[in-house]
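Below is one structure, written out as structure tokens; the observations come after it.
Going by the order they are written in, the chains are A, B and C; count residues from 1 in each one.
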Amino acid sequence: MKRVQFRRPIFPFLLLIPQLAIIAVFFYWPAGEAIRGSFYLEDPFGFSSTYVGMDNYTDTVTGSEYVSVAKFTLGFTAVVAFFSLALALLLAVKADSVLRGAKTYRTLLMWVYAIAPPVAGLFGILLFDQAIGPFTKIAQSIGWDFKLGVNYWDSATAMVIVAVWKQIPINFIFFLAGMQSVPMAVREAALIDDPSGPSRFFHVIFPLLAPTAFFLLIINITYALFDTFGIIDILHKGEPGNNPVTLVYKVYLDGFRGNDLGGSSAQSVILMVLVLILTVVQFRFMERRVHYT
Amino acid sequence: MTDITTAIAQPPVRRRKIRWNRVFDHVILILGSMFMLLPVVLTLLTSTWDNVTIHTGGIQYSIGEDAFRNYQKALFEKSGFSQVVDGMKMMTNSLILGLGFAIGKIVISMMAAYAIVYFRFRFATFAFWIVFTTLLLPLEVRILPSYEVVQSLGLLNTYTGLIVPLIASATGTFYFRQFFKSVPEETLEAARIDGAGPIHFFFDILVPVSQTMIAAIFIIMFVYGWNQYLWPTLMTTDENMFTLVRGIKQIMQVWIGANIPDYGVAMALAIIAMTPPVLIVILFQNWFVKGLVESEK
Amino acid sequence: MNFRKLAAAAALSTAVAAPAFAQQTDITWWHAMGGRLGEVVNEIAADFNASQSDYKLTPVYKGNYEETLTAGIAAFRGGEQPDIMQVFDAGAATIIGAKGAIVPVEDLLKDNGVPFDSNDYISGVRNFYADAAGKMIGMPFNSSTPIMYYNVAALEKAGVTAPKTWEEFQSVTAPALKSAGYIPMAQSHMPWIFTENFFSRHNLPFATNDNGYGDGETKILINNDAIKKHFASMKSWIDDGLFGYYGTGWGDNQAPFERQEVAMWLGSSGSFGGLSQSADFEFSATYLPYWESVTTEPTNTFIGGAALFAMSGKSAEANKATAEFFRFLTSAKTQYFWHKETGYVPITNAAYEMAQADGYYDIKPAAEIGIKQLTLPGGEWTKGYRMGFYVQIRDVMNREYGKLLAGEKSVDDAFATIEEEANKLLARFARTQG
């Protein structure tokens, strides 16, 4: 906090009231409801509800599907984060090194940021469509019998490609900014010490980018876990069948499509714990970074 | 943070390097740009064709003759029993959501961040934690109970119900807190010597120095609000309240359904849904990049 | 069944709003009929409003079946339920189980002086949305049943006729169609066509407790040799190029038939209207095949689609208005209009007779297949099923069938998993009702 501060006993509360009120009603109340609801089995129409203790949790965790959905979510998150970070880093390094057209490249590589995930999913459906999709045709011409919506791993491939496509721009912006903030003196010194490109990159530039990369890693994990919902919903056309889904999508399927309120709440609470862990890591890191810069 | 638009002066050594490296760099960048562009270009081209061509021939690689019809239909053709819903109505709703969310978020979070950074008061730490715990839980994981709450308040299918629950997270507050902390201490000291009170200080000094930050956050939040999907999908069932992105769900009926799908119009609507945020990001990219990079530090 | 039709964005309604009168009672109807179906719904509502001046009905499209049910449930919890709600077959247990949420349609009609006799309804329709004693709870609305469409030219080219049994399909029809260059068959909804109606067509019990209609605990009887043999056969047909599987999506499986790559397609009788527009070749339809090795006396299929439920908590005038609308809706004239426009079956004998008398089936014999199949002789297990959390049970089926057909799981394992998970869901549902 600031060393110098105003001292007014009431005024800051007035400033905080709108935020606190909204948070109380639309955050703490629903979060509390989720926790409460996870211990009950309730008739969808609300006529009766039975306290069932931990049953919703045990039913969730012991379901054959939950473990495989969790595993897929982990793998999906790792693959999406890796490829969108790696490709964005490659592009940022190149965009940083060219002079001609640098600004045009930057625009071309970042604008997809503004596209909504479900719109991205719609593009995905077109490109990967079983009958009319160009990607499907290319895949088939090299002997890959690609079938979106039929083969589990083909659907997963489409999900990853669309999710990565949508996430490259934001990573690109951060990497490029991170690189361009490396002081000139450092770059020049590095160039004299180590004229070979790749080695210079890994020994000098990359360590300086590491904080950005770590921060982005968290952002990308959150993205793959939560923001890919729209992509998945559209690619699966609302009927997942034997196609891979993520944990968040399963919360929606069971709660909203299936009206199993208790089971869905239990899954929400499990996700809350997961995000709690993730955020503690992020928070500690961000605070540290702010102190040191 | 260095403004990344500033081209960095290259040391002379670099010029003497073999040009092939440079060509290779450009090849990678062009491939990357094409990878980003291609899906959108193909959709754009296909959206100018008639349904029969798309139904039988798939994605089109040239411009067709039905562009006017498809876009006209997507924007202006009324549908539904009430005969009031068209693309323009959905666009209006998207605008209300985007603007309402961005403005609401900025106002509320600036006030809260101001209180947290510039005031010493009882329970300050407690308030800080109350607010920042919300960063823990994205709306997606508390979506069902949030829906219940909004429904029990009778806010389903209202703009309030659409916008306010999305604001209930501290991201904006967190950004402004970080920014205010980076504002030099001397600013406040000087202001106090001049005898400025908290309201004065806020409007005459803090808001002006925050302008770029506000602009950047506005763009980020507008895009975020405009692109919301899950929440509007769940809580707007009245077609008068549909946003363009929510309308994508309706578009999907094209691929699921058994009638002749109106592919051209569906793709036109997708293109319309992405255009406003894309334009804003491209036109104001300098602000946007600055804000994105600074706010998430 | 699941007809998620054309985007609302593309829909052009011909509805005309009726002028408002001082003493009018307004009622609302939430439905899941998108696209062309939605337009027909709007026409029916406009006709009802024009036919009298006491009541005004407003239909509201609420998305697909699942979304409509969820929206209705949420609205009921908030005390803002519509007067009439359309609920699909898989949601029947949920809404009928919630006894205080709805007014049984039979009571509603009788209380409001609308004559009601369940024998007026065709036999296949009468029971599905009724309780164990046969009292009608929901008013069947868009009623369909799975039938087999075929490309007439394709079958001629292959020199075969539409198969009556799966044995015939396997040994005669499919190989001939394959040599003629077609993928012989595809289907659009495995839980509905190859599971629920498999049990009905062969008169096999689908669940304990009188297929779930009785009170008390219900267990699914899906892990059964007949259906396992069917899926084992289907898997081998796919491997041999005798069957096409295009995923869980309805349209993904229908499209190859429309493109004339697939010669026969198992879809809904309600697909007839849409198919007439989208298929530019001659097609016809016939009954769903059966296994001669399982039964030599195949029985009727279930109705699918959805029913209209009168929600409780409404004023006497609103209930009266709903009853009057149901009277209008079930009139032979309205039913015949609905049948002709959409392909859904007429639900009353009177409407069926009207269509026959009008010579409609002489012009379009395929349009009669659905209703004829529904009125085939029934058996002990052919009136329907009633299971809770059934949307999720269907999701489990789709997932396991997908695994089975992809060769990731054996038939035995897949069915064991479906049985186990479905029973777990049924037990959970039973506890929500306790």
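Simple rule for what comes next: a contact is a pair of C-beta atoms (placed from the backbone, for glycine too) under 8 Å apart; a residue touches a chain by one contact, two chains touch by 3 or more.
Predicted model only: the values in this text are computed from it and were never measured.
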Chain pair with more C-beta contacts, A-B versus A-C: A-B
Most remote chain, CA-based centroid, reference being chain A: C
Whole-Å gap between the CA centroids of chain A and chain C: 38
Chain centre separation (chain A, chain B; CA means) in Å: 15
Set of chain B residues in contact with two or more other chains: 148, 249, 251-252, 255-256
Chain A: positions in contact with at least two other chains: 131, 237-239, 256
Multi-chain contact residues (two or more partners), chain C: 64, 77, 249, 252, 259
Chain B residues touching chain A - in the complex, by the definition given at the top: 1-2, 4-11, 13-14, 21-22, 25-26, 28-29, 32-33, 35-37, 39-40, 42-43, 46, 54, 57-59, 107-109, 111-112, 114-122, 124, 127, 130-132, 134-138, 140-146, 148-150, 153, 164-165, 167-170, 173, 178, 181, 185, 188-189, 192, 198, 201, 223, 226-230, 234, 245, 248-249, 251-252, 255-256, 267, 270, 273-274, 277-278, 280-282, 285, 289, 292-293, 296-297
Contact set on chain C toward chain B in their complex: 2-13, 15, 17, 34-36, 38, 41-42, 45, 58-64, 67, 71, 74-75, 77-78, 80, 249-252, 254, 259, 267, 271, 274-275, 277-278
List of chain C residues in touch with chain A within their complex: 64, 66, 69-70, 73, 76-77, 94-95, 97-101, 245-249, 252, 255-256, 259, 389, 391-392, 395-396, 398-403, 406, 408, 417, 420-421, 424-425, 428, 431-434
Residue numbers on chain A that touch chain C, as the complex places them: 41-50, 52, 59, 63-65, 130-131, 147-152, 237-243, 253-254, 256-260, 262-263
Parts of chain B lying in touch with chain C, wherever the complex brings them together: 55-56, 73-74, 77-83, 85, 87, 147-148, 151-152, 154, 156, 237-239, 247, 249-262, 265-266, 269
